[in-house]
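Here subunit A shows up in two complexes: once beside subunit B, once beside subunit C.
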Partner chain A sequence: MRNLSSQRYLNVFVALAVSALFSNAPAANAKKTELTQFDKRDWHVTSQQDSDAPLRDYAILYDAGGVDGALGVIGIPSMRTYRHIKCGVDLHNFPFSGSNAGNNNGTPDGKYLYVSDKGADTIVEVNLQTGWAERIFALPKPFGVHHSAALAPNGKYLFATGELTGKMLKLRLKDGATTVLDIPPAPSAPDYPDTSKDGRYVFAGNYYHSAVMVFSQDPFKLIKEIPVGKNPHGTNVSPDGRLVAVCDKLSATLSIIDIDKLKVHKVIPVGAGPLHNQIDTLGKYDYISCFVSDSTSKVDLTRMQLVDEFPVHYRVGHNSIAPDNAYYVSQNKFSTGLFTPTGIVFAVNFELQDIDETSATYGKTVKIIPVDGEPHEGRQIFASYIQRWNTGKGEELFSKGYELGDVKVSFAEGHGTGLHERPQLEPTHVTDSSRGWVPRDDGKPGITKEGDVHVVRIKAFSYGYVPRFVHVPKGAKVRIILTNIDKAAGLTKNPDVTMGLAVYGYYGPRTMLIGVRGMSAVGEFVADKAGEYEFYCQHFCGPLHLEMRGTLFVDPPGQMASLAVGDYDDVSKQETILVEQERKWIVGTNKLMNKLNEGKEPTI
Partner chain B sequence: MFNTRLVMTAFVVMFMASAWVSTPASAELGKGSAITDNLHIGVIDSIGDRQVSITTKFEKSAKQYTLHLLPECYVMTANRGEFKKFKELKKGDLIAAYGWYKDKKWNARRIDILNPNDYLVKRLDSDAKAGVYNRHER
Partner chain C sequence: MNLHTVALALIVAALLVAGCDKKGSVSFPDTPPDKVVMTFFGLLAEGGKLTNKEALTMISERNGSISPDNFRRWTENYSKDTKIEITKTTLPASPDDHGDWIARVEMQVKTPSIFGGEYATTSAMHLILDEKLKQWKIDFLAETLEEDSYRTLPAEARAQP
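Up next is the complex of A and B:
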């Protein structure tokens, strides 16, 4: 009886176990769910899911990370940092590949972005699908790139500004061929560009001229300069292609340029220190980052007036807007007292603001995160552009392409479809130099010879250097001692302002000095390439940070270096950016200069 | 023998004609959308072979445009970024189309299906009802 009972219990147990096993099977299948009405209310879920991962972001913010030489990849709206993509020395901005149709986020195809490296004087192609740098465009020297934000409507050409030499560049993305224009009169600093969406014009602010320059896209040439407010910076074309919004940094205004008439239509007061602007996808509102007034100003482009202003916690620089216009990210430059100290240079921060007018938290900061590096341009895309790589179909995605709805995106056009043609580059950030700090050096600014070393003492302050011009002979061992003598950081009044010194181009990876207060930064390198190289402050220090510049002349024997006299062919090869085995991925050198057949390079 | 007035009149007519030809959109600015705009917002009236006809919204006077989808033009939802097939577009959908006017056609590079409950759509709608029409104030 007992045995029978035991057998019965055993049978019941087995039956329950089998039943549980089978009842689990449908549950496992159920994970591949269709979109439910609950999903549709959830910003995490954008399409049918094959997992129940609860922490999806619907959009991705890429930010050109500045001094850390890496792109930041941040989820929206969670503001979680997913990864960093190594690209080089000092990154400033980028467009997504595809088309410039739409607002600043463009019409991406999900393949690449092209980020400008002001430190190395290159443009780096990053494959969004692999998440690695894939090619480097070596720009004709001397150039001194700042921004590469402007893509032609057909996505085949990139326009970049040579802020540090007064030049502009049109670059064919297929092979790196270029046309370079000189923009007189000196001093000239073409700055932030954008392209009209109809293929007609390129617009770029020029802070030395207090004007917006207008170029035709094909043939690439200067058409006119439109005077705007003092020291214009962010320059953005509206998605309807009717106007250009220009941040007049020192005039506290937004100049609106009528694209058809190519003249200023209206000037709107927006707050002190407007730096960058982001127009929503429907062209209704423009959001302006105001550095001095610590605010996000909102301009109604229909009414042509300021309609709202949101406070931001700390000095803002760049900004970005979500692809669905629901969120705005204020990319702030200082974090005084906000975060736990983790090193000599404080983390900057990103502040997520809710700009949905129907939301209970409209106009409020909903999240703030510390960010490493010193990010510049940020642009956002829907996460749905990035394919799933954990399904075992990686190679197929490259060889056959992927689909955006019923449009096939292929890697066939460009540099190949095979996996061996998808390198995993990690361009050099620092090389052939030593860097560090010493107790605050109060020596007189200038150049002295100590043994066989040329010691260059430079004082940095808001917003300049003493001395402004530095001459050393080619081959000299150079020791730069950078001392931050800033008292109040000008208008910013931030106690933790860091001053920097980076010599662009060949000497970029050899300098990148960090001048924190109370001690001096020291960098040593050999000046083995002649030429005239601008140096600049790579750590944001205030409204005129961009104008904080000096010049290093490495004089060849018996000559004085200039923009015409120097080893520019040599440095164009960018041989120290990548190891020898990977240099085949560097395209474009001085030899390709002016290879574009202007007038027959249509941009739409 | 030489009619000065006639010559001057001819010059004036030629000058006016050249100005009109060189800036076809200028006369339209401030009066609503123009075919040369790079963004159109409207409701789909009809759907053809990779083309849609729309009637614009939020303007003082609605206009009709035919949009021809470029081969690389994709369709997606504006508030979630979900890609759609062209055949999923429906008559009556409110869309934003991004592209350019070339060769006497308006070429669409991207079509976003707008959500009528999106705050920005609601704002454009309420503004238009209040007399602040889209693309009229410039």
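Up next is the complex of A and C:
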């Protein structure tokens, strides 16, 4: 009896001690909002707060918003959407200006990001400090950009992939001068690129070749193809510059390339449908988005093996990682059953996952939000990089520059040092065209003429189009009727897969058809610029979404359009995308093409 | 076996075959399939959440269901200026291989064009008989339409002069 009583006292003591310990824990770990002199000016900040959702976000996630043509700006960890920055038609991928040191987020200087617009075939320079699009690089035509993810180490050159024509490009950011390389043999689709940290190489997957291409940065030329798994996609260099991690989309593996030896060092099984990598800043872990297995796979790059897997909701595409490695954002393509409908463009979602191994919620989803458009690349930056322009000193900060840690940031070069000298481009998305939906058309695929209109009936399915090669004469009035004929969409059996059809470049703003199930999408426009223009599915539809492509040939009189025959100089002016006063901010790179001759470029 | 016996056997066999025909046991709903289709697109053209929800109830779930969210986003931009004319309605004489009774409604659709006037498209819609509810339900996702043969058509198409 006595023994039992002693045991009870002991139990009570232990329980009290444990509860005291844990009752103190939240207070000890709570994050306090730090007030600065600037906060005191803000009417809504009245006192310090203990909160896990502070008013100030410590990081900012930028996402290339895909089909809505805008960059999303989202706070981390609150996941609040701050704004959208209009840029163009179909945004895919960007690096921050600065240098390529570090992981996928690079080492930003807080000035710009350069986002590729696959629909308009441009790269748009966005000023992070003003939050406006400031310059448009109209890429040499034909090109068909997909990704522009890679900066040279000195931040002066950008490498982009011409997925739709089988080309690669090196662009001088100062003036838009370009060197363009053809990547044979066709079909060739240079995909997601990254650069080595020492300035030696550019790596880019090529899904048609099931290989990673290796280019030298200076002189810019193809030096090798390294066979990897089937249809490689995300291709990322580790922060220590030792290896390249390649997502083998159809092989469910991650190929690790040794940069010194330029050959595959190890192949790691990671889960079905790996699409993109996010390596942490230490180069220890690689987080891989697996589309088919609905998961984030975590690979230990030291042990070279899969060490963890977190579920996501659902069908992840791109991903991003916080600059302090504490959070990971799974950028999911489908939100089946998750949110309230708000319009024709369905909400995809961002899912914030805690990847801090010391955290109580490690591996868990801590927040999930619907987002606009169909975002592709996401990259994060410390919020402290964006200056506080609400202090009345914005003009001064632009003209005199500012300190960013040890770095002095200056806007002395470029468009002008005054805030009032900087443009705000808001490109118009839709021009001289119409889009709509009609009851599901049952016409046979092909081209018919109805009066003076060329009616192009295209059937879309997982993963292709019939017909794939469409010829219309220059000047033709064109009506495209797109019908999604999938029964249960492809490999992933999602009942709600939407197909798309966007013709890149000049016709990008005129098409962007959305092929929902049960209805047919109809687009009308005048084919007034000759040339060979790839069309592609702009709505993520499954693992082979990127491979879903076709070609629109607008044939000039008496000739066949090709990559050599077309009104490419005309369409490079992007004249229909901008109004007159905005045109001076277009850098027309066609005139400068290949001015940078191989071997005669400034050393990087 | 005399002629009498053979004739009798044939009659019995014919009666047995007729007895096996399911058609005799099915009565089609009072609302014909073409009326269902017109009502369906009428609701879509009207717009709004409630009408859209009502249109969704007219869709067959025989081959899978559609979430209300998806259905709304797929159909909410359907133009109210679209005109539909039913050109042919075919009632089934027998069930298909899966035992479903499928009616076919063909229509001509006229939609305003930016080139002036209207353009016409044709559409064929299948309706599956819901014997329990005694209603024709729309096969909105076209799961019963044969379209796989399209995939083998020539990849190249050009306008005829």
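FYI, the second predicted complex is superposed on the first by the 540 of 604 C-alpha atoms of A that agree within 3 Å, B and C clash if a C-alpha of one lies under 4 Å from a C-alpha of the other, contacts with A are read in each partner's own complex, and residues count from 1 in each chain.
Throughout what follows, a residue touches a chain if its C-beta (ideal position, glycine included) is under 8 Å from a C-beta of that chain, and two chains touch if they have at least 3 such contacts.
In this text, all values refer to a predicted model and were calculated from it rather than measured experimentally.
Once the two complexes are overlaid through subunit A, subunit B and subunit C fit side by side, free of any clash as defined at the top of the document.
Judged by the touch definition given at the top, the superposed model places A:204 against neither subunit B nor subunit C. Once chain A of one complex is fitted onto chain A of the other, the partner contacts of A:61 are absent, as it touches neither subunit B nor subunit C.
By the touch criterion stated above, A:518 is placed in contact with subunit C alone, subunit B being left untouched. Of the two partner chains placed by superposition, A:171 touches none, neither subunit B nor subunit C.
Once chain A of one complex is fitted onto chain A of the other, the partner contacts of A:497 are absent, as it touches neither subunit B nor subunit C. Of the two partner chains placed around the shared chain by superposition, neither subunit B nor subunit C is touched by A:158.
Of the two partner chains, neither subunit B nor subunit C is touched by A:149.
Across the superposed structures, the minimum distance from subunit B to subunit C, using CA atoms, reads 40 Å. On subunit A, the patch touched by subunit B and the patch touched by subunit C do not overlap at any residue. Of all residues in subunit C, only 41, 64, 66-70, 72-79, 82, 84, 106-107, 109, 111, 113-115, 119-125, 140-143, 145, 147-148, 150-151, 153-160 touch subunit A in the complex they form.
Touching subunit B in their complex are the following residues of subunit A: 46-47, 58-59, 99, 101-102, 107, 109, 153, 196-199, 239-243, 258, 260-261, 265, 280-285, 302-304, 323-326, 356-359, 381-385, 403-407, 604. Within the complex, the subunit B residues that touch subunit A are 23, 25-26, 29, 33, 36-39, 41, 71-76, 78-87, 96, 98-102, 109-110, 112, 118-124, 127, 132-138. By the touch rule above, subunit A contacts subunit C in their complex via residues 336-337, 339-341, 343-346, 433-434, 436-450, 452-456, 459, 461, 464, 466-473, 476-477, 479, 481, 485, 487-488, 495-496, 516-520, 522, 524.
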